[in-house]
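Shared between the two complexes below is chain A, which pairs with chain B and chain C, respectively.
So, the complex of A and B:
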C-alpha cells in the first residue's frame, strides 16, 4: 500500500519533472538564431552571407561544391580524356588539328596543344556531378562551377555548348 | 405588434453576435495556425511562414483560399450524407462555445446561468461529428482515428468536468461571468481561483492537462496520429470540409485557453483603479486575452516538446491519475472552504 502510493506520487512527480525539462529545451531553442538561409534573396554563391543580412551559422557554398561543369576551350587540348572518363557519356567533343602551342598544365608542367575542340557539348541534364571528368584533365580546362540553377522547360537547354565552330551557325542542340 | 418588434430585435441581436463571433473564430483559428507554424519553426531553428504578407501574417488567408478552391472530393464508397455532415457538427461543437465565452466584463454574447455545463455538453457534439466523419469515410485509418477520439473524449470528459466543478464550488455559480465576478479582490490577482487553496492550484493543472487531451492536441493527439493513422478521422477529407475540421481544431485551442483563463486565472478581474480607463471594461478584455494568449502559447509549446503517448498510457493517465486527482482536489477544496470560510490566496487574506 505504502509502496504503491510512493510509486504513484513518484510517477506524477517524474512526469512533471520530465515535461518541464523538455519544455526548457524547446524554449532555449525558440530563441536560437534560425539557421534558414533565405535562398533567392541571400546569394549563397557569394562569399559573405552577412552582407545580405543573414545571421545564422551557415557559410556560403564550399569551395569544392560541384555545380554545373564549365569548360574553357582556350586551354582545352582536346585529349578526350574527360569524354572517355565519363561513365554516362554525356560529353561530346569534336576537334580539329591546329599549329602546336603550349599550355600551362594543372601540375605546372607545360602541355602541348595540337588539337582544338570545335565542338564541346555537355548534357547537364544527364551529368551526375561525379567529377570523374575533372580529375584526368591535364590542363584544368574542365572544372566545376558554383552555378546550380538549371530549372528549364525544355530538356535541350541543358545541353551546353562550350565550343562552337567559328563562322558556322550555332548548331541545334542535340540530346547526346 | 410590439411583441413582434421585440422578438425581431432579439433575433437581430443574436444574428449580429453570430456573425461577429464567427469572424472572431475564423480570425483566431487562422492566426493560431500561423502562430503554430511560426513557433514550430523557431523551436526547430527555422523561420516558419514568412512569404505572404508582412512576417507571413497573411499565410492563413492564402491557405484558406487554397482550401476553398480545391475540388470537392467524396470517396465513392463513403456514406455521402454522413461524410458531408460530420465536419459541420465538429465545427458547430466548437463554435457554439463562443456564445458563452466572456470576452470582457460587458462583452459576452449570452451569459448562460449554466455556462460551464453548457460548454461541457456542447463540446461533446464534436465527438459525434468525428465519429461520423471516421465512420462515413469507409477507411480503416479514419475509423480507427474516430474510435480513438470517441474513447478519448468520453474518458477525458470526466477529469475536465470534475476540475470544472472546483471553480463552480468556489463561486457558487455555473455562469462564466459569475465565476469571474467571484474572483474579485486582492488587486485582481490574489483572488484568482487557482490561488484559492493548494487543491485548486493542483486542479488547474489537472484540468488543463485534461482539456488538452479533450481537444486531441499533442501529446494526446492519437485520433490523428500522423505516424500511425495517416491523418486519422480526416484522412479522406480535403478542401472546405477539411478546413472546417482544421478551423474547429485551432478554435478549440483558443476556447480551452479562454475558459481556463476565465475560471481559474481571474478572467477580466482588475484592480479597481484600472477598471474604467477604457469603456466597456476593455482593459479587462485585454488582460483576459493576454492570459489566454499565454495559455495558448503553452499548448503550442507542449506540442513541439512532447512525443505522443500510447493508447494504454492515454487511458492510464486519464483513469488512474487525472480522474482521482481531480476528485481529491474537489473534496479538498470543499473541506478547505469549510475550514477557512471567506478567505482567499491560500487562506492568507480575507475577502475585501
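So, the complex of A and C:
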C-alpha cells in the first residue's frame, strides 16, 4: 500500500517535472530572435534582408532560385532544344530564317544565329519549374527570374508571349 | 470496396463502421481507413488507398529517361532528393555508367540533408498527432534551414530535380560548406531541446510505451523497411549492409529500437530510431563535406540516352524505407516499364494486422509512428 502510494506520487512528480522542463524550453524560446520573415513587408527578392529589420537566420532568394521563366528573344537562336527538353510540352516556338549573325554563348563560345523566333510562348500555368529547359540552351536566352507572384484572374495571362509584336490578340491557354 | 459485415454484440448493441479519412489530419495525406468498431476498440481495419494516384509509373513509359526525373520528385515530395537519387542510380546501372566521385559525394550530402528534413517533419507531425502541437513548430523551424540550404544549391525548396543521370545538376556553391556546417552545429543542441520538449516528456512516453508493437517476424514478413523495421529491432540498413555510392567511405552507426520505454517495436521505438538517425545523418554530411574531392560533377553522357535492352533493379535507403526502382528497357529512348517500390506501401499493409484490439486513439499513434505519406503509397 505504502509502496504503490509512493510510486503514484513519484509518477506524478516525474510527470510534472518533465512538463516543467519542456515549458522552460518554450520560455527560453520567447526571448529568441523570431525566425519568421514577414513577407510581403520584407521583400525576399532583395539581397539584404537586414535593411528591412529582419535579424533571423533565413536568407533572401538565392541566385539559383527557380521563379518564372524569362526569355530574351534577341539572343535566342530558335534551336528548339528547350522545347524538346520540356517533359510537359509547355513551350511553343515558331521561327523564321534570318541572315547569319553570331551570338556569345553561355560557355563563352560563339554560336551562329540563322533563325529568329517569331513566336515563343510558355504556359506558366503548366510549367513545373524543373529547369530541364534552361540546361541545354546554348545561349542562355531562357532563364529563371526571381519572380514568383503569379496570381491572376484569367488562365490566358499565364501563357506568356515572349517574342511577339505588341497588339496581337491574346491566345487561349488551351492551344499550347 | 466491400463494407464490413457488422456483428450483433447482444444486449441491443451492434458493431459500428467508421470511416477515418480521406481528409483526416492524422493520415498525412489522402488515405482512408475503414474501421469496424466494437465501442472504442478496433475489431478490424481496412486501408483504402489510391486517392493520390497520379500514374507516375505510366508517365515514365511516355517520357525519355532524363525527362522523367522531375516526376520522381513527386514520388515522395518530403524526401525528393532520395527519390531522384534512386532513379538516377537505376538508369546508370542499366547503362553501366561510371559517376564522378564528386557527384557521388554531393548526392550523399543532399540525400542525408533531405533525410534529416524528412525525419523532422515525421517526428514533428507525430507529436502533433498525439496532441503536442508545439514541437511540430520547432521541427518545421529547423527544417526551414535545410530548405534554405537546398534552395541555395538547386533553386527549389521541395521538388528539387537536382540529381541527373550521370551526375548532379549543379556544383556546390562557394558558401555551401560553411553554411551547412553552421547548420549542423545548431542541429545538435536543437535536437536536444526537442528531446526535452517531447521525447523525455513523461506523458508522451507513457502514451506510446508498448503501443502497437510490431514484432520482428511480422515486420520482416510484411516487407516493412527503413526506420520502421529498425524500430522493431532488426539491424538492417542498406547504406551499411548493401553499400552503394560513397557510403562505404563514411562511418556511421545504425540505430535500432531497443524497447527504451516499453516493448521492442512499439510506437516510441520507431519514433526514437528517427531521432537517432538524424544525428547519424548529420555525422555523414559532416564527413562528406570534409572528404569531398575536386573534379567533374557530370559523367560524359550521350545526348539521347538509349540504354541497351534489358532490365535492372536498384534499391536505396530512403527516409521511409527501401526505395526500389525496377526498370525494363527495350533499347529505345523511353522505358518500357518502370516499377517503383516504396516503403510506405509496405508499411500501410501491416496496419490491418496490428490494429485489431487497439483503441481508435492508438491507431492514430500507429499511423503517425509508421510515417506513411500518401504520395508514396499511390504513386
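FYI, the second predicted complex is superposed on the first by the 162 of 176 C-alpha atoms of A that agree within 3 Å, B and C clash if a C-alpha of one lies under 4 Å from a C-alpha of the other, contacts with A are read in each partner's own complex, and residues count from 1 in each chain.
As a working rule, a contact is a pair of C-beta atoms (placed from the backbone, for glycine too) under 8 Å apart; a residue touches a chain by one contact, two chains touch by 3 or more.
Here the structure is a predicted model, which means the values were calculated and not measured.
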| item | value |
| --- | --- |
| Contacts of A:128 with chain B and chain C, given as first, second, both or neither | second |
| Partner chain in contact with A:98 - chain B first, chain C second, else both or neither | neither |
| Which superposed partner A:65 touches (first chain B, second chain C, both, neither) | second |
| First (chain B), second (chain C), both or neither touched by A:22 | both |
| Touched partner set for A:51, first chain B, second chain C, both or neither | neither |
| First, second, both or neither for A:14, with chain B first and chain C second | second |
| Which partner reaches more residues of chain A (counting touched residues only), chain B or chain C | C |
| Chain B versus chain C as contact partner of A:33, first or second or both or neither | first |
| Where chain A meets both chain C and chain B, residue numbers | 11, 19, 22, 25-26, 35 |
| Sites on chain C touched by chain A in the complex | 63, 66-71, 134, 141, 144-145, 148, 151-156, 159, 161, 169-170, 173, 193, 196-198, 200-203 |
| Touch list for chain A against partner chain B, complex | 11-12, 19, 22-23, 25-27, 29-36, 38, 56 |
| For the chain B and chain A complex, residues of the former touching the latter | 39, 41-47, 301-302, 304-306, 321, 325 |
| Chain C contact footprint on chain A (complex, rising order) | 11, 14-15, 17-19, 21-22, 24-26, 35, 57-59, 61-66, 85, 87, 128-132, 135, 144 |
